[in-house]
Amino acid sequence: MDKIPVAILGATGAVGQRFVQLLAEHPWFEISAITGSERTAGGRYKDVCRWILDEEAPEIVSEMVVSKTGTSLPGRIVFSALPSRIAQQVEPSMAEAGYIVCSNASAFRQEPDVPLIIPEVNSDHLALLERQRVNRGWSGLLVTSPNCTTTGLVMPLKPLDDAFGVAQVFVTTLQAVSGAGYPGVPYLDIVGNILPNIPGEAEKIQQESRLLLGQMKAGQRISAEIELSVQTNRVPVIDGHTVNMAIKFERPASPEEAARVMADFRASSPVPGLPSAPAESILVRSEMDRPQPRRDRAASDGMAVTVGSIRPCPILDLRMISVVHNTLRGAASGSILNAELLVAEGYV
Amino acid sequence: MDKIPVAILGATGAVGQRFVQLLAEHPWFEISAITGSERTAGGRYKDVCRWILDEEAPEIVSEMVVSKTGTSLPGRIVFSALPSRIAQQVEPSMAEAGYIVCSNASAFRQEPDVPLIIPEVNSDHLALLERQRVNRGWSGLLVTSPNCTTTGLVMPLKPLDDAFGVAQVFVTTLQAVSGAGYPGVPYLDIVGNILPNIPGEAEKIQQESRLLLGQMKAGQRISAEIELSVQTNRVPVIDGHTVNMAIKFERPASPEEAARVMADFRASSPVPGLPSAPAESILVRSEMDRPQPRRDRAASDGMAVTVGSIRPCPILDLRMISVVHNTLRGAASGSILNAELLVAEGYV
Amino acid sequence: MDKIPVAILGATGAVGQRFVQLLAEHPWFEISAITGSERTAGGRYKDVCRWILDEEAPEIVSEMVVSKTGTSLPGRIVFSALPSRIAQQVEPSMAEAGYIVCSNASAFRQEPDVPLIIPEVNSDHLALLERQRVNRGWSGLLVTSPNCTTTGLVMPLKPLDDAFGVAQVFVTTLQAVSGAGYPGVPYLDIVGNILPNIPGEAEKIQQESRLLLGQMKAGQRISAEIELSVQTNRVPVIDGHTVNMAIKFERPASPEEAARVMADFRASSPVPGLPSAPAESILVRSEMDRPQPRRDRAASDGMAVTVGSIRPCPILDLRMISVVHNTLRGAASGSILNAELLVAEGYV
Amino acid sequence: MDKIPVAILGATGAVGQRFVQLLAEHPWFEISAITGSERTAGGRYKDVCRWILDEEAPEIVSEMVVSKTGTSLPGRIVFSALPSRIAQQVEPSMAEAGYIVCSNASAFRQEPDVPLIIPEVNSDHLALLERQRVNRGWSGLLVTSPNCTTTGLVMPLKPLDDAFGVAQVFVTTLQAVSGAGYPGVPYLDIVGNILPNIPGEAEKIQQESRLLLGQMKAGQRISAEIELSVQTNRVPVIDGHTVNMAIKFERPASPEEAARVMADFRASSPVPGLPSAPAESILVRSEMDRPQPRRDRAASDGMAVTVGSIRPCPILDLRMISVVHNTLRGAASGSILNAELLVAEGYV
């Protein structure tokens, strides 16, 4: 089959580079355009992009000329790695112009007619697109993927919520530096140090978690009634967010039952057949010193969330730790999986 | 006045070096002996000790010959930086032989007739020494100081407990590498990484916190009835433990009230006059990005605990973060302050 | 064709784990035995090996039982990741017993009848094996691969020596922590720090470089007459040794000529066809801020040496910098490439 | 005696903060004004300055209002921590207006009538001020301090040059991140990595070293005829530049003689009596693994340069390593020592 042409908005930034890296060899998609700011537009990607990933930039994009974000672009699907402020303007106009917009930006995640999707968790929320079409009158559409930390929290919560009902969650995050983009955090601030309270992060985690675990009723998304108490921290780790959590269930669950429910979790069709979907979305490890961000983030090409240290909590019911690759599953790969889902569901 | 001769047991290890550094210029104490293992005993300190602190070893001990631990030593007070297994044997025999033993080891912290002391928190627990004398028949005595992380947790809890009653505490620790001693954690394991579940640490924090916040009744120490849920983590930080906590009180307390109670906390006499006591034991910071281990650990020569990020908790009552210097207040300096208290209270 | 059975000596150590990782999916070789110390022998690999690499251990070896080093082993080729002291005993007896021993240990690198080989540099030195057979009476044979840093130095020197004659080399190394094995360097020593003078390293670099660049004459290896001045340093980098060098040539060479000679370098047959050989053994980069260990070490699966910062030297002729992956090209992969060469040359 | 009022230009930047920290308790000087950019001028220091040092900002300046750089300022001496581009404009006009300008900027270091001074090395170069007065017609004066790395190189070279004549020096630097100011180097670029070729740095080191070691002849400064070959590198270290060097002398010198000459070096009067002068400007260490930036940078309050690893060089005469605290001796403290020298010599 012919590959679907895709554009990457904000292709020179940290998340944009991940999109470039992942889409250069994608079985379904083919990069047709890459966009940048006023400063970079018009130059060749290899000349204007300060490439920061450890592996080299794919040759296929090196010679491509960067377009200005917002101009008319070749491509059917558009991946947005734009800063939120710019996404606010650009994404609706792209959707209006008929593009399938898969956004990693936070600008529209809270909108009641914009699906916020993790395919294994809530692919049924795509039904909101009908309302979106009616409300907005767009010929294209807009789907968003959640905040990186939220992803590492919600993916293991999903099967637990289905099985036991999640009522309360204490969250303490240890977030990697790449989550702040590039140049991001100065070495002088973070080396040998911990920085508490990443601005705006706790709110995103609370709101998005409730949306993702919410139910569709009569074409509307009803937020889950889960209480979340969140403390965020930046830690000296390159990639890989760690989430320490304690959970109160509505129905009793032992650590062994919780572990089994997560290990047995499988996404419903068509997710398991998507090119970027991992064989198992949640990996449960039993070693006392796991998960670790550096050693677990890359599991299943960075698409699986690794969970461990599952044990009883003296106050709530359960404590456990998850690790998610924040720029793969938690960002670019997550959006690509959303696009694959849209293709499989016939939206493209 | 003449200085009191003191011996340091285990003087070549990581905590032992801190004792050496701090006692070399102490206004009340003077190092009369330093001890080591079979391997180091008999050599000059500067030859047998692999000094790991950033500042140079004090000249006054460089030429001292290391004694074998457990032999008869000059000195009235003995500071123990022994591994727990060795402390188990050595500390009682030293106390029996008449020494005032101030231990940083965990071996006897749980014993009902051994005071576990943070002077600002529970100096009244020294009353257990009477029972110790009767029970054990020692002519000397044994006092212990708590685990480093426990110290960073209990010091801010103390005034909150006095004012509002602490019922439940969620604890997630981010602990520095120096807490594991030397050589301790390999670079290959911890750089750019987080290691969960420091062995034995959560149990110590739970048990010791209840002892420290316990009440003396009829010569006995009654543990505090506080529920603690603890998750420990090792992080790539040299010195300075960070404690993320959420607290449920018995009586309502706003973040502002909690902040005020901690900021106003002053130890009772004679603690404020002791040479190692900080002017304020708890420093409350209002900046959103504080406390940080690298920038707050050294406050008041590493003797103050810094608290910040105080705000309402959606599930319990309050969330906040504390930072403690784990090898100063949380280890060597803590034991030295205990010894100063014993002098001031007439035990020496 | 049937795969050749190979054994890995010292399979639980840092370099041994790299052998396991690389040989688990090798097109020519198949792991038939893994050996360990008294402590680990008899246990399953996954139980007795503290796996330290970021990617998981291959399943194929997880259940294998670790043999005791030195016992009779299934397998034709033997890869040795033994500590030098043990290699001293074990390697000759294995070669005597008929095994093809490809060693990464330093024990026999200096022996006049033991080839020290980098296939692209001096595959003709295999001719020493004839002398080895005569001298030692072994039915097997022993071939060694050089020190990790030496590899990063000699690979770019080779084409320069061929073209212009290398007379003098100033070397300042910045070596990664994994070069010291596991547990290796404590975090407390190396984080935010530089440790000069890695014991024994400068001597190895000097001696091995002269051997590798030496000529075969009448069945003997004549060391190259190159003057080397070497300063080694340990730096806080996980993998990837950086070599800063300044070179004096016998015949004049501009930076451009030197760059061209290195970029054009191709190994002679049969090396380019070996499974582990990179398409280009030396990658020349022109960006001012390259090479960097974290971003260049993995080039061509860690088999290419990356060179850059090539410019005139005000005192000698040329300055430049190389980066080599110390545990791949500089250790396990280097030995495997040697074994592939032995197969291609008919020694197996 | 009354303290001399001093102003700090660029007081909110990384070096400016060091000036603030050091001058807050200086025995001779007292901060009378602090200046900043358009953005910060008019605000209180504690409100507009993002303080990045580990110790807290001194209270004495917290409430001070930041002035705009270039306005008329109270104060007799002016310390300049300005970016070079701004220093280019501001410093001459300050000197013209009668201020004693002690600059840490690079803008005027190469001018033939502007002394570039390390008091222990070339205090006699202050004689250039006479020419400066004649040439420029300033009622004040301008004195500069060298680049941080140059300082760590030249201080140990000075006594060697005096004793044996330095003809050639190979230099490979390992420079700390704080040398790039704040925010400076992103964590994502430098952690676990080495970045070669700090822009402009090698040239500064070459030119300034020749000036500093130059001789005054007939009121003119004659550059030293030393050949320098310099390779710079940025390394993941917070503070403390390491300089690896190899030296060729005009007259033979053994490592022992070189060590003795450096250890015996004492500055000439009036330098030893200045408040910021260390008792010994060069500390020679004999341990094989010293100097180390983290453990040696703070020697003598960061004012001594530590030298070690002194041994024969197979190509030139000697190899050795020095460590200098780049933001203290190599920046703010160096300028303050210059100002003290000016006071002692009667220029103020």
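Order as written gives the chain letters A, B, C and D; numbering starts at 1 within each chain.
Rule of thumb we're sticking to: a contact is a pair of C-beta atoms (placed from the backbone, for glycine too) under 8 Å apart; a residue touches a chain by one contact, two chains touch by 3 or more.
Keep in mind that what you see is a predicted model, and the values were worked out from it rather than measured.
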Q. In the chain contact graph, what is the shortest path length, in steps, from subunit A to subunit C?
A. 1
Q | Reference subunit A; chain at largest CA-centroid distance | A | D
Q: With chain centres taken as the means of their Cα atoms, state the distance from subunit A to subunit D in Å.
A: 48
Q) So what's the Cα centroid distance for subunit A and subunit B, whole Å? A) 42
Q | Junction residues of subunit B, two or more chains touched | A | 191-192, 236, 238, 294-295
Q) What part of subunit A is in contact with subunit C in the complex they form? A) 54-56, 191-192, 294-295, 298-299
Q) Along subunit A, where are the residues that touch subunit D in the complex? A) 52, 177-178, 182-192, 236, 238
**Q.** Touching residues (chain side subunit D, partner subunit C) in the complex
**A.** 168, 170, 172, 174, 192-197, 199, 206, 227-229, 231, 233, 235-238, 242, 244, 246, 288-295, 308-309, 313-316, 319, 321
